[in-house]
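Each remark here refers to the structure printed beneath this line.
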Amino acid sequence: MVPRYARPEMSALWEPEAKYRIWFEIEAHATEKLAEMGVVPKSAPKALWDWWATNPEIDVVAIDAIEAVTKHDVIAFLTWVAEQVGEEARFVHQGMTSSDVLDTTLAVQLARASDILLADLDALLDAIRRRAEEHKYTPTIGRSHGIHAEPVTFGLKLAQAYAEFDRCRDRLKAARREIATCAISGAVGTFANVDPAVEAHVAEKLGLAVEPVSTQVIPRDRHAMYFATLAVIAGSIERLSVEVRHLQRTEVLEAEEYFSKGQKGSSAMPHKRNPILTENLTGQARMIRAYALPALENVALWHERDISHSSVERFIGPDATITLDFALARLTGVVDKLLVYPDRMQKNLDAMGGLVHSQRVLLALTQAGVSREDAYRLVQRNAMKVWESDGALSLLDLLKADDEVTAALSHDELEEKFDLEYHFKHVDTIFARVFG
Amino acid sequence: MVPRYARPEMSALWEPEAKYRIWFEIEAHATEKLAEMGVVPKSAPKALWDWWATNPEIDVVAIDAIEAVTKHDVIAFLTWVAEQVGEEARFVHQGMTSSDVLDTTLAVQLARASDILLADLDALLDAIRRRAEEHKYTPTIGRSHGIHAEPVTFGLKLAQAYAEFDRCRDRLKAARREIATCAISGAVGTFANVDPAVEAHVAEKLGLAVEPVSTQVIPRDRHAMYFATLAVIAGSIERLSVEVRHLQRTEVLEAEEYFSKGQKGSSAMPHKRNPILTENLTGQARMIRAYALPALENVALWHERDISHSSVERFIGPDATITLDFALARLTGVVDKLLVYPDRMQKNLDAMGGLVHSQRVLLALTQAGVSREDAYRLVQRNAMKVWESDGALSLLDLLKADDEVTAALSHDELEEKFDLEYHFKHVDTIFARVFG
Amino acid sequence: MVPRYARPEMSALWEPEAKYRIWFEIEAHATEKLAEMGVVPKSAPKALWDWWATNPEIDVVAIDAIEAVTKHDVIAFLTWVAEQVGEEARFVHQGMTSSDVLDTTLAVQLARASDILLADLDALLDAIRRRAEEHKYTPTIGRSHGIHAEPVTFGLKLAQAYAEFDRCRDRLKAARREIATCAISGAVGTFANVDPAVEAHVAEKLGLAVEPVSTQVIPRDRHAMYFATLAVIAGSIERLSVEVRHLQRTEVLEAEEYFSKGQKGSSAMPHKRNPILTENLTGQARMIRAYALPALENVALWHERDISHSSVERFIGPDATITLDFALARLTGVVDKLLVYPDRMQKNLDAMGGLVHSQRVLLALTQAGVSREDAYRLVQRNAMKVWESDGALSLLDLLKADDEVTAALSHDELEEKFDLEYHFKHVDTIFARVFG
Amino acid sequence: MVPRYARPEMSALWEPEAKYRIWFEIEAHATEKLAEMGVVPKSAPKALWDWWATNPEIDVVAIDAIEAVTKHDVIAFLTWVAEQVGEEARFVHQGMTSSDVLDTTLAVQLARASDILLADLDALLDAIRRRAEEHKYTPTIGRSHGIHAEPVTFGLKLAQAYAEFDRCRDRLKAARREIATCAISGAVGTFANVDPAVEAHVAEKLGLAVEPVSTQVIPRDRHAMYFATLAVIAGSIERLSVEVRHLQRTEVLEAEEYFSKGQKGSSAMPHKRNPILTENLTGQARMIRAYALPALENVALWHERDISHSSVERFIGPDATITLDFALARLTGVVDKLLVYPDRMQKNLDAMGGLVHSQRVLLALTQAGVSREDAYRLVQRNAMKVWESDGALSLLDLLKADDEVTAALSHDELEEKFDLEYHFKHVDTIFARVFG
């Protein structure tokens, strides 16, 4: 976790105190059910909840000190709780194993993290939609391979981003379902010493599903799927970030990240305005992707479980979710305040002497009866001249002067092929598909 | 693609001929709709389908020769088709761009690959279920950290595997939905020269959904999600493979891969029976995981598209699906014919002098009023003696001889704690959860 | 392996026949030494080499047929050799284990592959050096963050690439040393049944170093390092490819991949010239990087060895080296024939109204006694005007008209700050560092 | 960075204060040289060093506050320094660019981190060597595929680990050379405003090499190679950790991690001693491997540089080195205190009824004139009986009772083949190779 790439709400979720609070809730809910079933006295859960109702502080330092001796975190915590609650605490954790607590806690943390991330995605989607509507019909050149192709609108670019993050939202919801399970099944998952009813009770209280079959641990294919999903979302963040970086290039300059007063782009070159937020996001996306790898390697635990996944999750649990939360929020800010330059878009669109309309002419020639090969040859020979003039010549003028072309298409017909609006007739269709 | 790790049906899907057949279908369906809309003459699709009805061979060599000149694969193919079909072929590909064909083809290939993989998973699930039922109550030691923990049944191990691959099946179905989309939207995705109705028609004919917004290409977050999902499935393959490898270790030997007549385990040591299939699967899983990475990097194409994803997909499209198909089938064979040794399982279970029952005694002591800390100490001091005797001593005997213990629990009560059946009382519950 | 991304020499190295030839050489050299030591009769190596001198064809199909029965590749090969050579062949493989042959063979293959790759790098370095010398003083804008910064020369860009690939060459040589070792140490590496002298002999004959301690297998940290090194080289390929792709963007167009007659950039837009070779290389780089991952996971074999690395190496051995060979050759072609446009470079350099000289002015102001903060403010307020005029205004003119500026610097002094040559005074120093 | 997996010396290297100290040194050394060359007054470096000599505290909070306004870290730092040093500070950073400072600082940090890691490796190598000498002739079973193969010694296992980490040491030294370079070359690497002599001076003072050609930044192929090397070392850590985990399995139990008083293996099962340190190391190795990936993606910066690498390095710079430092130290502790059980090793070695000697018999039969195929058949038929008896039968007894065998080998000859010492005759040779 890098502090400058962390936001408080998500970070708090991964603090020791937050973890211990969840541990307590799991133990208390379990004890409650055990009491209801007559396994432990009813005084036990009562003592626990009574103490909890006092809203006690969790003394992380004291718990750490106990762990330094026992070298076992859950035992350390239970020992500390017993010191606070007293005698009745001995019924806690009855028939359970540490992993019942640890894995269910991770489920709660990842579920809550997912809720924050879903809210992040909602905010990002809102920002993209707003800017897309704003620029629904702002003409700009569409590029492929970095080369001018045909006209699009800036709103279409954003509609694409919207659709992509909307898919990310669905994926994240599915990923949340993957990890939001509760396992309280004992040392090797047989419920030998704890009834399945306890698991069901705790699951319900914490808003989790019951893990159908656990083996001391919740199986790690769930977590692999979760972090792989975050990696895919990171890819989409990178995509939109790279788009902004391209748009801000000096020669393109169709959009810029917002540039605040007092901000200095370079210690040496005062004129520079660098797309540092999106460059930054590009790097963060690489990190979030990388975190998926150890999650994938974590799946193949030995037999009913080994604990090799645990050190990995101490890193990637917080690092992946905190960084993704930060990145989504930062990207939302970039989109929200993006400086868009329609004039420059138009200028770029016009810069190639009308070459962007070449395909329409090609099609018109074909429809006028010219063979595809001939039509291609006719268009290309004029297009090449324009291309080599660096946009100084006009494709329309050259075509009008080409006898083979005008034998098939009149000047009026040719002019009609250079109409920008022609390209935007289905923008509304696409918007309807994307924004509903 | 490594030939020895490839099966014919899946491999055929990725042969040039299969690709060209899909190309033709896309072009012909599109031309059909264009004719219906009056954009091209009705004679055009008729000519195409008439030729197709002759079940023509695709001359891959001839198409390659044309591509060597044009350096453009779709143009090369269309040129070759025109040579076969004649004059009417000039209406083909009207208003479309190469990517309309290429990306929709990849969607068809991945969807069909997914269908094969889903069938593979079904076969694997069947095999696991059958063996799980067979060994529902076969006792075996449950391990954590590779250390004996408490009794489970071999059926439970397999139930866990079943639940895991069942999740993989759901994930694969979701991943199939991700990539089964059709885009016929023209050079930059605006439908400038091809009506959305064409896309809808082709999509329906090919069993695909319509891509809401494409930008020449189908967005690559879809494919990233797809290959990431295959990577997760590979993780589950590795997990079960590692389990078999562990079970086949000389000292454990609770199960073995089937060993056929004539098979030689080692050129030097004739007695060796090595778990080579599952070792092999472990390596294949590493490969399938690796293929997800470039798919994740493919998402951030430049602007409306660049073509950097294409060379990646020429590798991972076939390599990931062919290898996964092979791996699932091989794993199914391993499970189906696995030699299971219940006697050895029992022997291992008994090898530790009853230590596996220590937790029950611990709980019983607590319930009999001993504090948790004291109970832990009492059990541990006896357990340690058994442990250090390498299983020569019996925990039950030692406990019976420990006055502090017998002060809380009678000999009869102690004996009851060493009953194996106690651990299996919820096997049925778990089986019901997993197998329904 | 994707056939279109493979070159014959490298591919041949990974054909079964090439592998069997190396197997034979290892076995024959080992038998030779064994005979010299009196372990086997001298007639044994003689029979082997006599047969070999007839330059026999390797019957891959026959060997495969034997393997289908024995399920063991080395035994199958030795059986086939025995059929050819006769009686004396029974002394072959004495005291050796399959891995002695397999791992030493892989070492030979990777060493030979490295030699091809080193030659590829030499060719690439030659091409870069030639173009660097050609454009040593061709002015072009240096960019950071994609934003114009200060002038550089195109030769400097290439010098950077040269230095980078020169480092890659050193790394590859080191990586070659890592994997070029011979192990003939028997079933668990103890030389129990084969004297270390045999290993030394075979190593010398094959140009390999002796593996100090093997454990049936050559340790896989060597291969991990090897494939990780290829991954780093792939990164450098991507870097130069991305540079070309940027230079070829429509708005930049300072260089282009060579565009041959007959080549069609787009089926729809005849004017398009896309940087498809370098986009392609970008994707190939992603693949080569991905192959490093399973190599890293291969290190942790179980005990003295498991065979999980083997299936991985069947993929990545050929795929990584063949693809890298192809990519290096393709990149060499791109550099060799790159169309460079100095006029356009100059035009882009001039496009920002002299902003690229702002830092010099800033320094001059400081040296003239203005505080750094004031100097920054003075330059920035004028730079911003130029920036917002989209290059229509001239920074020099504005500075001349700014009283606060001219209070510190005269018009002559200001003009001197806009001299392009100023920036190139150390080009020669850098070239001397890089090219020696 | 996970606090529990961090050691103070390495962590301190990545604290803001450490970074700022290096920044200061770079700026001060550069100013020194500039003064020597007459570019700035000699009073400037004097003022800087005088202030430095007071051993001032770095006020990280104050610098952060300035950065919050300027949004530029180097400017913020220089502003703060100017506040401390006064007037003369305006000559600092003359002609330099932020990256000159940032990249050279990273070089210093990574070089220092490497020195710590090299010391860690030395300590690990010492521990391994000591334990290897101790168990040079401790017999243990060698395994392949997890299956018993032939005898080795425990010292040989450790010799293998020693050789592997010795290679890691060489690799790390090479990797250190890769990144220990200094670049002070100005905004785009042309030395336009800063003489190369400044770079040379700073490089020498900081113990770095001069970067031959930088482009504002030090090229990131260097860092990719660095982090890839750490990933390879992580693989070796995982390998030895997995070995320990296997040895500690209940059924194997040939060695155990040291188990301290007060340590509790499981909250439920008091007898459990889990290999948690090496499981932990396995997970940490996964993380260190993962960090190599974004480093590889960082290579392809745009043009002379973009800043996407920066956010990545804020993570992996500290996280990879801190975790590796911790892991190496932890592994050293594991090796140092490893509980080794020679009796159990012998017991396991004997458990298979002498099957581990089968190859020697096979060879002896061949040498006695039996064909390889017959010899294999004779050994295998007896070996299979032993195998199926689960070690109850003795291979030697069976062979003695097999007439076809005794026709070739006498009882005395057979007995000689079962001598353990036979396998250890080259242990000394191997130790000499490894330990010199």
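Residue numbering begins at 1 within each chain, and the chains themselves are lettered A, B, C and D in the order written.
Here, a residue touches a chain if its C-beta (ideal position, glycine included) is under 8 Å from a C-beta of that chain, and two chains touch if they have at least 3 such contacts.
These numbers were taken from a predicted model, which means no experiment stands behind them.
Colleague: Give me the fewest steps it takes to get from subunit B to subunit D if each step has to go to a chain it touches.
Modeller: 1
Colleague: With respect to inter-chain C-beta contacts, which pair, A-D or A-B, contains the greater number?
Modeller: Result of the comparison of A-D and A-B: A-B.
Colleague: Taking the mean of the C-alpha atoms as each chain's centre, how many Å separate subunit A from subunit D?
Modeller: Averaging C-alpha atoms per chain gives centres 33 Å apart.
Colleague: What whole-number Å value describes the gap between the mean CA coordinates of subunit A and subunit B?
Modeller: Centre-to-centre distance between subunit A and subunit B: 24 Å.
Colleague: At least two other chains touched by the same residue of subunit B: list those residues.
Modeller: Within subunit B, the residues that touch at least two other chains are 143-146, 149-150, 186-187, 193, 245-246, 264-266, 268-269, 274, 276, 279, 282, 289, 293, 297-298, 302, 306-307, 359.
Colleague: For subunit A, which residues are in contact with subunit B within the complex?
Modeller: 82, 90-91, 94-95, 142-146, 149-152, 156-157, 159-160, 163-164, 167-168, 171, 174, 178, 186-193, 196, 210, 212-216, 219-222, 224-225, 228-229, 231-232, 234-236, 238-239, 241-243, 246, 282, 285, 289, 292-293, 296-307, 359-360, 363, 366, 371-372, 422-427, 429-430, 433-434
Colleague: Provide the residue numbers of subunit B that touch subunit C in the complex, in ascending order.
Modeller: Per the touch definition, subunit B meets subunit C at residues 1-2, 4-5, 69-72, 74-75, 78, 93, 96-98, 186-187, 193, 245, 260, 262-269, 274, 276, 279-284, 286-287, 289-291, 293-294, 297-298, 302, 306-312, 314-316, 319, 323.
Colleague: Quick one: in the complex, what on subunit D touches subunit B?
Modeller: Residues 141, 143-150, 245-246, 248-253, 264-266, 268-276, 279, 293, 297, 344, 348, 351-352, 355-356, 358-359, 362, 376, 379-380, 383-384, 386-387, 390.
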